[in-house]
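Heads up, the next two complexes both have chain A, just with different partners, chain B and then chain C.
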Partner chain A sequence: MRVEYINPFVEAAYNVLTEVLATEVKRGNLFLKSATKPVMGVAAIVGLAGEVEGRVLFDMSKQTAIKIASVMNMEELTEIDDLVKATISELANMITAQAVTKLHELGFKFDLTPPALITGDNMEISDQEVEALIVPMESPHGNIEINVAVRERS
Partner chain B sequence: MSMTKTEQAKVPKESDRMKKVDFKMISFTLAGKDYGIDILKVKEIRKAGNFTKVPNTPIYVRGVDNLRGDIIPIIDLRTMFNLPAETKDSASLENIVILRLDSLVLGIVVDTIEKVVGISSDSIQPPHPIFGDINIQYINGVIENEGRLYIILDVDRIFGQSEASTHTAPAATAPEQTSVDAGASEAVIEAPTGVQVLPLDLQFVGETLAAFGQFQLSPLNREWVGSRLAEWKKSRQDRGLDFQLTQKDEADEFLATFPSPFTGRLWSSEAATSLAKLMSFETASLVVWNPGCGRGYESYSLALMIQTCFSEKNYKIWASDNDLLSISTAPSLILEDEDLDLSWTEYTVQAKNGLQFNSELKAKVLFEFHDVNHLNPMPEVHLAVMRDVISYLKPSDQDKLITELSDKVRLGGYLVLGTNEKLSHPDWKAIGNATWSVYQKI
Partner chain C sequence: MKTKVDFPTINQKDPDGRRPDGSSYRVLVVDDSMFVTKQIGQILTSEGFEVVATAGDGEQGVEKYKELFPNVDLVTMDITMPKMDGVTALEKIMEFDKNAKVVMISALGKQDLVKQSLLLGAKNYIVKPLDRTKVLERVVSSLQ
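Entry: the complex of A and B
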C-alpha cells in the first residue's frame, strides 16, 4: 500500500474514535497481512474506488460493537439490533470519509461506497489479490481492527 | 479450490515421509540426556571394566582394553563432553559402545545403552547454532522420536580430528551426513589464503547467520559467503580465535562486507552511468520495480539514472519496503549535502526541512508499505532492482521470488542484484561488471 495512504487512515481512525467515544484510544503496531483472516463478529465494509481500488474493513467483536454503539447513542444497548448496526455503519463511514478527505487534500482522489455491515460467527475474510494493512485500535470498550486494502490501478 | 487440491496432495506425502526408515541409530544416555550414533559405525556393545591405564594420556582416555585379542582404546564420552559421570569403583563394569571408524576401533563409555531407533534421515534437523561453538561441529543433527529428543553424534568428526587436518576433508564426504542443502555444497572452497572451507563449515556459518543476522545462505550468495569465510577463518586464526560465530556482533562483523556499494546513500553519477551503459530499452516508457528500497535512496538514484541517461523515456518506479519506519520517510527524503552528487543538484529543491528532490522526480517514484513475500500486483516490468534483498528472505521465499521475477520481468528486461549476489538460472544471462550484478532476461 502506498505510504502516503497510511497516515490519513490512522489519523482519521484515531480522531474519530477519540471524539465519538470521548475516551483515550491507543493505536497498536501496524502490520501487513495477505492471508485469510478471521473476522471477530461484526465487520463493516466500505469500498474505495477512483484512482485506486480497494476497501476498508472495520472488524470488532459483538461485545465491542454493542458497547461502542451504547456510548455513541448514550443509552444502554444489549444486543445487535438495528440501532447498533446503523451506529457501527455510521462509525465506519465517518472514519473512512475523514480519511478520504485527508487524502483529497494531499491530491489523491478516492470515492467511497456506502458501508455494508456483516455480522455472524466463525467468519473469515479472504484477500487473495491484495495485501491488507492492519491498524489495531485499542479502546476501553474493546479493540477494533481497521483493515485497509488499497492498491493502485495499474 | 486450488488450495484444497494441493493440500490433499500433500497429506499422503507427509505420512509417507514419516514411515520411511532409512537411518538407524544406537541410542544411549549421557548424564540423563539421549544421544544417538549411526548404527553403521557401531561394531558392538558390551560391558567391561578394569581398563589398563595408559600414562600421559588426556583425562578422557580411560585406558586400553583387550577385545578378544585386539587392544582398543577406551574413551569416556562423559568426561570428554564435560558431563558429570558417576564414579564407579574400578572393579564394576561400564557400558561400552565399540565403534568401528575408517581405520580405528575404539570403545566409548556411556551411562546406559538403550535400544536401536529407526528414523527417517529426512526428519533429522540440523543442529542449532546456539548449541555452542565447538560442540556443534560434533553433532550431525537432532531428531525427535516417540517424544524424546536425540542428539546424533558425528563420531567421525569427534574421533577423526587428527586425520582431518592431514587428509583432505574426510569428514565432509562422510556418507551419513545430512545437510539441508547437500546437493549444492560438495565443493571444498580453497581460498588464496590457503585456509580450507569445508561444506559443513559453510553450512554452520550459514545457519548462524540466519539466526543472528537474518541472512540466508543460498546459491545466490554461496560464493561470497565461502570466500568471506576463508578470509574470516584466516583472520580469526591469526588472532587465536575459533571461527564459529557465537554472537550477533560477530555475525554483523562477518556480514559487514556484504552490502553493495552505495547502500543507504545515493549513487554517484559515475556509478549510475556505468549501470545505464549495461542496459538499453526499446519501449518509450519504463516500469521499474524496486522492492526493499529502505529509506528510498536506491529508488531516487534509479530515477536520477533514468532521468539523465535515458532522458527521452517516460518511467515509473514502484518502490516498496516492509519496514514501516524507513518507508514512511522515503517520499520526503531529506538530503544531506554530502550525499548528493553535484551533477544532480538541478533535481532538488530547498524545502522547509532541508534539501529534497523536486516534485517532478518524486512523482516518478511510488513508495509502498509492502511485503515482497505477499502478492506483488505489478504490471510487467522492464527493470527490477533488488540489491541485497533476496539474501535476507527465507530460502523457500527466495525461490518463489526468483520464479516470480522470471514472470514479471519482460523478455530482454534487466534484473540488478547485490554486488555479492550471483544468480545462475536458465532464464537469466549475466551481463554485469565488478560493481553491478546485472542479469538480462532471455
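Entry: the complex of A and C
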C-alpha cells in the first residue's frame, strides 16, 4: 500500500482531534499489519470505493470512546449509549471528510460510505489481499488507532 | 484599598438569540446525528435561541417546517442525511416559503453541494467541526 494514502488521514485526525478535544495529541509510530489484527472495542469503519478502494478503521477502547465523547459533549458520559455512538461516528465523519478532501486535491477520485460503528469484545479484523497501515494517535483521553487498508483499483 | 462598588459592566450585550422585544428566535434543527443536533442545540439555547423542533432526515425536516410555519425563524440543515438529503430538503422548503432562512451544515469536501445550496437560496453554511463562535456568527448573520 502506498504511504501517501495514509498521510492525509493522519493529518486530518491530528487536526480534528486537536480541535474537538482542545488538547495536545501526539502521533505514534506507523506500523504495517498484513494479516489479522485485534480490534480494541469500539471501531468506526468507513468504506472507500472508486479509483482507490478499501476501508479506514478508527479503533479505540470503550473507555477511550466514552472519555472522548464526554469531552465532545461537555458532559460526563458513563457507558456506550446512543449519544456516545453518534459522537464517535461524527468524529470519524469529520476526520474522513478532511482526509478525503486532501486526497481529492491530490487527484484520487472515490466515494465514501457513511461510518458504521462496531462495538464488542475480542473482535478481530482481517484484510485479504491488502495490508493495513496503522498509526496510533495518543491523547490524554486514550489512544486511537487509525487503520487504513486501501489499494488502487486494478 | 478595597473597592465597595461592583465593577461596572462593560460590553454588555443582549443574547444573540433574542429579538429586541425579548422573544426568542425559533430554530428547526435538521440533522441525522444525535451528537450534532445536541451540539447545535446547546450552542443556540445558551444564547437565548429556542430550538422548536428537530428532524432526523430531510423528509421529516420539510414536514416539520410546513407544520411549524410561520412560527419558525431559521433552519439548520445537514447535507448528508438518509431518505432525503439536505440539498433536496432545502429546495422543497424554498419552494414552500421563498423567505425561509436556511443555514447548511456541511462536512469538509462538499463544496459543490454547498455552492448548489447557496444558489438554491440557503443563507449561509457552516463546515464541521462546529464551534460556538462559528455557529453563532453564521446564524446571526442569516437572520439579519
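Here, the second predicted complex is superposed on the first by the 153 of 154 C-alpha atoms of A that agree within 3 Å, B and C clash if a C-alpha of one lies under 4 Å from a C-alpha of the other, contacts with A are read in each partner's own complex, and residues count from 1 in each chain.
In this text, contacts are C-beta pairs under 8 Å (C-beta built on N, C-alpha and C of every residue); 3 or more make two chains touch, one makes a residue touch a chain.
Nothing here was measured: the structure is a model prediction, and the numbers come from that model.
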Item checked: Residue contacts with chain A in the superposition, chain B compared against chain C -> C
Margin query: Quick one: is A:T113 in contact with chain B, with chain C, with both, or with neither? Answer first, second, both or neither.
Written below: neither
Margin query: Tell me the contact category for A:V16 with respect to chain B and chain C: first, second, both or neither.
Written below: second
Check: In the superposed arrangement, which partner chain does A:A86 touch: chain B (first), chain C (second), both, or neither?
Finding: second
Check: Now for A:Q63: first (chain B), second (chain C), both, or neither, which partner does it touch?
Finding: neither
Notebook entry, point to check: Which chain A residues qualify as touching chain C in the complex?
Noted result: 16, 19-20, 69, 72-74, 82-83, 86-87, 89-90, 93-94, 97-98, 100-101, 104, 114
Checklist line | Residue ranges of chain B in contact with chain A within the complex | finding: 322, 324, 327-328, 330-331, 366-371, 374-375, 377-379
Check: Of all residues in chain A, which touch chain B in the complex?
Finding: 1-4, 6, 30, 32, 34, 128-131, 133, 151-152, 154
Next item on the list: Quick one: which bits of chain C touch chain A in the complex? Just the residue numbers, please.
Entry: 33-36, 38-39, 42, 80, 107-110, 128-129, 131
